């Protein structure tokens, strides 16, 4: 059968944004994760779930170039359309990618923010890093982004030490999204927050993801977060992906014993 | 019929293996086959536990299919839900298959009006137009306007069900799956849903539903597929 | 005035105190620093017979540069006769036997702490700066491994964050000394704690400028006629301090002035920080509002932190 006889839908022709091939990482003799394959398309939200030590954080570090793989590779399609093996990027290219086309929202805001720098400075840093040299314009963009993450403009000169946990996470999101990245990594972004604060943050993330068509890789052990935010889910155990698929399918019809255990362990109020 | 079916279910089977119950295997259905044409409403019949909901969920891709094919027309293509990749399935849901579930899965903090409008927004309809359509549907379903801007989490069962129905019917997918859409509705609102189904049929959509209420079933269904005979 | 070279004392030092191998090592570092303007070159700094904070970095650079025919000037915050300046001048008179001077125009090696002379420098002159903290990113990013990468990649968003914070908190860039500047379009440099008033003098200076940090063992340089551009924002451009009045002793305008407290009743005057420049103008007959035969004793002011 020729390809013209069975035309592929247009959206499927869209090249993937991020591809991991047989990603493996050992810490000495200990396994971090083994032979993980994944493909992420623009606008897609992928949740990686599993308990502590399952390798999900290692995988996130490998994908985001924070950690070098023992074997396997990660490919990324740049804004110019060229797909690159991330291990071949120069340090300058890697850093440019990290602060323009990518974002990283961390569980602990103090790792993702400059705690002694004002909210405006935190949001403006990426703009200045890519050459922004007009104070008024940088500040206006910072205020604009604080508004999008529901932080009052009059907090622009306060530093995040005076912010609540939920506000810090929202500031982290603004700081990351100000350069309009296409791919955002999130590591337990709602971890440790009160339930009501979590709900507000999840709603915000949901609407920003839809508004900007972000591709997201989110690591979480909270299946409710995965269900609310993600299109697809990968379940990890002992460094391997044991089950993956549509989020609602994996959660409503789990196949693997471990996934069934995870799903049945969720507390329902 | 001459027209290609909207949906063709071919010898599908489903069972659950409960690993936490020492690998207990629960057969659900086997050998299910039927088709659905445009403009037709088919009811799945049979007692509770016969697997009616499971069949709807398999067609929507919410449950996996162990054997057989579920072919859904998408333009000139016939997509097999049983084997479709997740991305393909998501696009199929957005463009071809709508689903009104029995219960509303509440999204925290999102207003009822926006819950209803969301499928249109995903299609790229302008927010104002989408909200206007959502408001019109909620009006028809007698949901008081004072509730529109509240998140449905605190609504009664009947109010949530009407939000759910509106969200399912607002989309323009040609195939609509209905799981007890009138279960917790009063007679007046049941009548509205019956009208909505008739309008979808007139517009050439195909509907596949589970109707617990015999009166509603009689009012909307062109034929009944008895699931009992497929029980595994 | 030129001080006569003092006789060599009974104890004999190698010329300029350091041994020849050490001076070669330092010269190699200086050459590398000149070749890569603004880049901080590590060098094997020696223990000097003076504490860190007294100019050990500048002294080692000066020791490596001096030849027997050179004429040396040493200033501390513009003055030739403060303790630090006198001590270092005496050190080289003792160990190298070179001629010293307080006249900027007569010196070919000028070691300085916290100022650049008002008299424009000429080709052939070398200005040696004493540097306490060579790393302009130190207080923004404490990891040396990271700051080196930031320099290598010209990744200087962070230092603009500091200037942004200045404006957000004070309404203007409040950094008034050690004002960071881009050298030759690449490396951002800490110009040592000179007032930002002096920054423009560094740009395209005909003199060679060499910076020595003794405690941190770093040397960096700005070769003659090299661009030195202070960092700023388009809408908050770099500006220098302005003084509302001329020097009270010589009437000079457009020079850097020190505030001098005259009495316990709040009396004060503003005079040239550069004593040689001020004395030269007075000798030429210029006068200020407080010109008097017996000028009051000068008090030092300005940044007070240690300086090596």
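Letters are used for the chains, namely A, B and C, taken in the order the chains are written, and counting of residues starts over at 1 for each.
As a working rule, a residue touches a chain if its C-beta (ideal position, glycine included) is under 8 Å from a C-beta of that chain, and two chains touch if they have at least 3 such contacts.
A quick note: this is a predicted structure, and the numbers were derived from the prediction, not measured.
Student: Within the chain touch network, how many edges lie on the shortest path between subunit B and subunit C?
Tutor: Between subunit B and subunit C, the shortest chain-hopping route counts 2.
Student: So which chain ends up closest to the centre of the protein, judged by Cα positions averaged per chain?
Tutor: A
Student: Compute the centre of every chain as the mean of its C-alpha atoms, then state which one is farthest from the centre of subunit B.
Tutor: The most distant chain relative to subunit B turns out to be C.
Student: From the C-alpha centre of subunit B to that of subunit C, how far is it in Å?
Tutor: Centres of subunit B and subunit C (C-alpha means) sit 78 Å apart.
Student: For subunit A and subunit C, what's the span in angstrom between their mean Cα positions?
Tutor: 48
Student: Could you tell me the distance, in whole angstrom, between the mean C-alpha positions of subunit A and subunit B?
Tutor: 32
Student: Which residues of subunit A touch subunit C in the complex?
Tutor: So the residues of subunit A touching subunit C come out as 91-92, 95, 99, 114, 117-118, 120-121, 124-126, 128-130, 132-139, 156-157.
Student: Which of the residues in subunit A come into contact with subunit B in the complex?
Tutor: Subunit A reaches subunit B through residues 6-7, 9, 11-12, 41, 44, 199-200, 202-203, 206, 210, 228, 231-232, 245-246, 248-249, 252-253, 255-257, 260-261, 264.
Student: Quick one: in the complex, what on subunit C touches subunit A?
Tutor: Within the complex, subunit C touches subunit A at residues 149, 152-153, 155, 157-158, 160-161, 164-165, 167-169, 232-236.
Student: Note which residues of subunit B are touching subunit A in the complex, please.
Tutor: Listed in rising order, the residues of subunit B that touch subunit A are 16-20, 57, 61-64, 74-77, 86-91, 107-110, 121.
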